[in-house]
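For reference, chains read A, B, C and D in written order, and residue numbers begin at 1 within each chain.
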Amino acid sequence: MSKFTVTRRGALKTGAAAGAGLALPTIFTAGAARAFTNEPGASSVTLGFNVPQTGPYADEGADELRAYQLAVEHLNGEGDGGMLQTFSSKVLDGTGILGRKVEYVTGDTQTKSDAARASAKSMIEKDGAIMITGGSSSGVAVAVQGLCQEAGVIFMAGLTHSNDTTGKDKKANGFRHFFDAYMSGAALAPVLAKMYGNDRKAYHLTADYTWGWTQQESIQAATEALGWETVNNVLTPLAATDFSSYIAPVLNSGADVLILNHYGGNMVNSLTNAVQFGLRDKQVNGKNFEIVVPLYSRLMAKGAGENVKGIFGSTNWHWSLQDEGSQAFVKSFGTKYGFPPSQAAHTCYVQTLLYADAVTRANSFEPCAVVEALEGGDSSLPGIDSPSNKGYLFDGLGNGPTLYRAADHQCFKDVLVVKGKDNPTSEFDLLEVVEVTPVDQVWYEPDHPMFAGGDLGQCNNGA
Amino acid sequence: MGILEVKGVNKRFGGLQALGDVNLSVAENTVHAIIGPNGAGKSTLLNCLVGKLIPDTGSVMFDGKSVLGRTPYEINQMGISRVFQTPEIFGDLTVFENMVIPAFAKRDGAFRMHAFESVANEKDICIRAEQMLVDLNMQDKMRMHSASLSRGDKRRLEMAMCLLQEPRLLLLDEPTAGMARADTNNTIDLLKEIKEKRDITICIIEHDMHVVFSLADRITVLAQGTPLVEDAPENIRGNPKVREAYLGEAA
Amino acid sequence: MDAIILQILNGLDKGSAYALIALGLTLIFGTLGVVNFAHGALFMLGAFCAVTLNRLLTLSFETIDETKTDFLGNPMKVKTPYVEAWFGPETGAAIIDWAVPLSILFAIPIMIAIGFAMERGLIKHFYKRPHADQILVTFGLAIVLQELIKLFFGANPIPTPAPDIFRGSFDFGVLLGFDPNVIIYPYWRMVYFLFAMVIIGGVFAFLQFTTFGMVVRAGMADRETVGLLGIDIDKRFTFMFGLAAAVAGLAGVMYAPINSPNYHMGMDFLVLSFVVVVVGGMGSLPGAVLAGFLLGILESFASMTWVKDIVPGIDQIIIYLVAIIILLTRPRGLMGRKGVMED
Amino acid sequence: MLGLDKKDATILLVVIALALLAPFLLNPFPSNSGLAQFNAGYPDLMQRFVIFGIFAIGFNILFGLTGYLSFGHAAFLGVGSYSAVWMFKLLSMNVLPAILLSIVIAGLFSVLIGYVSLRRSGIYFSILTLAFAQMSFNLAYSVLTPITNGETGLQLTLDDPRVLGQTATASGNIPATNVFGLEMRSTYTMDVGAWSFDFNAGYYLCAIIMILAFYLSLRIFRSPFGLMLRAVKSNQQRLNYTGLNPKPYTLAAFIISGMYAGLAGGLLASMDPLAGAERMQWTASGEVVLMTILGGAGTLIGPVLGAGFIKYFENIFSKINDNVLHQWFSFLPEGMEDTLVFLLHPFVGKGWHLTLGILFMLVVTFLPGGLVEGGQRLSRLFRRRSRDTDTTPDPEHHPKESPHVAE
């Protein structure tokens, strides 16, 4: 019995099937032994875009899908080429990947680990996808990353912010471009200290699941390092829709800052509730009461409406960035869809390009070769003196010079601190970039306690 | 000493005294009728006998053992079967299946995990069930859905289910209520037949005096929760107290 | 003490929402004998009535402002709501500001119409069907309704703010002699609570003092008997469905500023409101209201830090725990009648 | 045969044939044709069909026979999955002990929940089971993370002990689940001309277990025990007054169906060793209710059909995107193509929920007996057609025969 030959569709499109049909004595042929899972045929290659299409993150998923479609167009030489022109690596020439036309299949993660794995499996087993990418939550990212490791395909994570994705749950076949909770804390804390002073008392509301905990841990460590005091950390159920009973006691706790370690619907509701309670009009300890949302996204900001005004947070990327790469991406995305891309769209687009680039540089679709290409050679980020500062260095995809670190497959780049805009000029203009925190401030070692315990393991080619 | 001995039973519902010091003795292998006007407490008394209600005070002994505090199925397993005012049968099941269930209850007790062998392979059970249907002239309706039976046939089926268990005491709660005269007569004939052919004690609650006087060996008259008189049918007819309390307006 | 008062207040407005949804649910059940899994969707539709009116009021025409540029570097299109153009910027802005309260007027006819349509078009074919079928078909309807909303409004929550004067919170603590900022309560939540009381009172008064209500109450007590009296109860029950839909819808309209409406908010409330109805006793109106407030307040208590310290995760399960305890000690819920929904 | 009468034996044979030939039946379209989108014969989905089939068969023993509507059966499935994954982490990657443990643990869990919940009936029972399941889900997602790994779901790692197996393979990967060395993921692919069919070891293990589970449920349906369960549904009062105690019967049915759910959960984890908390959520419990009713509650084969129907939608319809639609209709003139795509767009891909909801409503409204009733009506229709064509009138009067247990 051949071992895990989940592939065949790709090969069928080539001559293999025709050959099987002609060989009369053996009508039944087993799928030919292949070097690795879903080795693509000569004419096309299939990528799997696994994004939430139903459930609360469906809009984010839709935006990710738009970015993927755009990336496929650009890789196949359609459209204006987007960031292909600004990307520091010039091996991609708009002829697909290694001369094969890029095709794609889509699936629905439903923002559930189970469903996401089922849909990724179907793309691998049925559609012959060679790479899976997407997702809008860390649970899903970790679950699908584990699957891809076992199946022997590459996973290019979409939006996932938990430390665990490239921490204790890191996998050799998985890569994350998005930033993480530690970086949020490290980038945000100095700005908060600058704006609100070093003598602050923080009250945390934290979504009671893995991402919430790592986010809270990160921001608490970063703010305490700057002299803040943590008054309390209250865990809130994921299913909570009304946060009033958690927010009401905050004012009387002696805290003068409320940190909302929430994402998505939780964040929209908790922030809305907090503003409803008039927290931001209050004075505590002789200071203005402030609210902080460590992880921001434009869609969440849109959901919370006016309530985001003046509230600080961090984000991976924002369309108002003025660098060449970001501008090129915003232009082609905006021209095609009529509105600027979200950070989720950006990271997904970039991940697709990075994958294509790595395959081209490796001159092979073999996962281990791709992993090697993404881990780069010995290039390193300037200005950081660390033995782990090694990996694949690139530029021109927004965020400035970026390192795909070999040690944990995490991207290191500048992190944006943003603030809800006071006078938005359009429905997309909700956040303004307050500071671009340079990469050396958010750098950490792979064995940092918040990331320890995992093991990349060996890359897996599958078959 | 009767097979059923009810002594000093009281039952109150809030402010209402439903049963007041009821004493009753049913002799074995007789038909004992309990009659009385509406609200006399006949149904309450019946419910106290089968475990649906627990009297506030007093005792109910069946065959020398107390039934108080026992659940309906335990009391049934002791040998008391009950026929309801409106026939209670398994409407979703076929007539045959309806018959099989009491057969199992008789053989296996209140619960037995019997989950693998097919019902059809339980030959003794099937034979008993069929035999009883033949006895009651219902064999042609064996495969019918019991919900689609006529009311009379439903009553007949329920009676058959009870008889299959060979109870020592059969309680009948107004078995002819709402029946046409012809059906009533059929039921009377059926009960007479049962009475003659089997060793069985029957306790019947009834409104219809025609039924009562054609069947009963003894009659207890209940009024306002208390037994007024207990006697043979011919004496009841002439009893002026009964006439006053009950038959008076009817007769 | 202050913490307890605070959480009672919080429980009141949470409870208001539960009670309003459960009221309609139990009304439909009590009158029509239908288990309506689409009731949460009615609440959601109500909230989207507010969103829709907000959208209608902010319908805009575009003018090009050459002095500014949009994100692609093209001249900026500036949107001006028609309302502001017609009534002048200030009046227009005020009308938009009051969109949510105005939506009440907008929502009542719409929700009643939706209720009628649901009852006549679908539910009426299910009166005689098993409860499981009713659950399935209304669940299907709930999915369809929420997916339609998602199709038109997207999956993202849509901010629907309350009028400006209701922003911020009122300091209750000062009234009661506590320090400032100890017991604060947002104005809009106060409005929501009062609104809920008015609606609940209205429904009860309606059932208590009108002939119509009397027939309906009799129908809830014993449907067949009333049918025998020759009263055309079915027509009145249709109206009850409209009423229940309107109550759920209004609960949704007023809830919109508390949490930005999204398409799945109905499902979020569905399970909860069923628990509320059952804890209150299926088909009992006072039971539903009582249970709504009870569960709201208990849920608030469970979220207090010291309670959570004693029993970690208690706020995750409190509602269900209470439901289990009540159902085991009071078999038919707080005020349920015997024999209802037990088979 | 096997203690079954002829009719039941036929049903069983049909199920066996369907299960064993599924790789062919589910891949009817050539793999590079446009319709290949509708092929469902890949290992993961085939496994899901039979696993959820098992889940629904078990649920049907409780709901279909006794009428007790549990809204918490997903909890047993979840518990089964967690037990299985823990077995993989601690003991070995052999699936048999894992599956056994998941059945046992789910059984124990259902004793507990069943004992308490069955003190009430009707909707009160439903809400009790719902409450227990939601509590399990909420806790699994948060406080119990050390046991369940919360949001991500319990998964295998490279440093699990695995006392009776290897911690990691020679190539540095997590070993695969297997039955005495036969890996569950190993697949044999057969290419026949333009078609290609997958034969997956895991699928066949699931299929064999499903056949056994189906056979067992068939026997239960025909047994005295099954009859008692139907009697519980029909008239508990009469059952009580016939000297039978309904409680242990319903509890036994509850436990059996809980064990079926645990078996399904264990199999899910065996095919894909990750146990997500979402599989315990009330929507997951609702899903099995939908499967059973959609297929036909109380019928033998209905639940399996319902499970297949819903899983097919979830996995196949959700993957049809605009791109695929454009490919299908590319032969049409541009305007028509765009219009068609525009019209279909809301119903496929991210709109699969909408289509499913509409189908629920249609099926429940017009086919109260579920898909099985649909099938019966169709076959009756055909029979009537063929009867109409031959001119001999049917002299025999067919009295309405009651279904023994509808098939």
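We adopt the following convention: a contact is a pair of C-beta atoms (placed from the backbone, for glycine too) under 8 Å apart; a residue touches a chain by one contact, two chains touch by 3 or more.
What you see is a predicted model, and the numbers here were worked out from it, not measured in a lab.
**Student:** Using the contact definition stated above, find the chains touching both subunit B and subunit C.
**Tutor:** Correct list: D.
**Student:** Applying the touch definition from the top, give me the chains sitting in contact with each of subunit A and subunit C.
**Tutor:** Correct list: D.
**Student:** Any idea which chain sits dead centre by C-alpha averages?
**Tutor:** D
**Student:** I need the chain pair with the most C-beta contacts, please.
**Tutor:** Summing C-beta contacts for every pairing gives the maximum at A-D.
**Student:** Once you find the CA centre of subunit A and the CA centre of subunit B, what distance in Å lies between them?
**Tutor:** The computed centroid separation for subunit A versus subunit B comes out at 75 Å.
**Student:** Could you tell me the distance, in whole angstrom, between the mean C-alpha positions of subunit A and subunit D?
**Tutor:** For subunit A versus subunit D, the centre distance works out to 34 Å.
**Student:** Taking each chain's centre as the mean position of its Cα atoms, how many Å separate subunit B from subunit D?
**Tutor:** 46
**Student:** So, what's the distance in Å between the C-alpha centres of subunit D and subunit C?
**Tutor:** Averaging C-alpha atoms per chain gives centres 35 Å apart.
**Student:** Send over the residues of subunit D in touch with two or more other chains.
**Tutor:** 138, 141-143, 353
**Student:** Among the residues of subunit A, which are close enough to touch at least two other chains?
**Tutor:** If we look for residues of subunit A contacting two or more partner chains, we find 58, 62, 208, 235, 237, 239.
**Student:** Name the residues of subunit C that each touch 2 or more other chains.
**Tutor:** Those would be 313, 316.
**Student:** When you check every pair of chains, which ones turn out to touch?
**Tutor:** Pairs satisfying the touch definition: A-C, A-D, B-D, C-D.
**Student:** Can you list the residues on subunit A that touch subunit D in the complex?
**Tutor:** Subunit A reaches subunit D through residues 1-6, 8-9, 12-13, 17, 20-21, 27-31, 53-54, 58, 61-62, 65, 69, 104-108, 112-115, 117-119, 121-123, 125-126, 137-139, 142-143, 146-147, 149-150, 164, 169, 208-211, 235, 237-239, 455, 457-458, 460.
**Student:** For a test of understanding, state which residues of subunit A touch subunit C in their complex under the given definition.
**Tutor:** 55-59, 62, 208, 232, 234-237, 239-242, 244-246, 248-249, 251-252, 265, 268-269, 272-273, 276-278, 281-282, 284, 299, 302-307, 319-320, 330-331, 334-335, 340, 425-426, 428-429
**Student:** Considering the complex alone, what residue numbers of subunit C touch subunit D?
**Tutor:** Going by the criterion above, the answer is residues 35, 122, 125, 129, 131-133, 135-137, 139-144, 147-148, 151, 271, 274-275, 278, 282, 312-313, 316-317, 319-321, 323-324, 327-328, 331-333, 341-343.
**Student:** What residues of subunit D sit close enough to touch subunit C in their complex?
**Tutor:** Residue positions touching the partner: 63, 67, 69, 116, 119-124, 127-128, 130-132, 134-135, 138-139, 141-143, 236, 282, 286, 289-290, 293-294, 297, 346, 351, 353-354, 356-361, 364-365, 368.
**Student:** Subunit A touches which residues of subunit D in the complex?
**Tutor:** 31-32, 39, 42-45, 48, 138, 141-143, 145, 149-153, 155-159, 168, 171-174, 176, 182-183, 185-194, 196, 198, 201, 272, 274, 276-279, 314-315, 318-319, 321, 323, 349-350, 352-353
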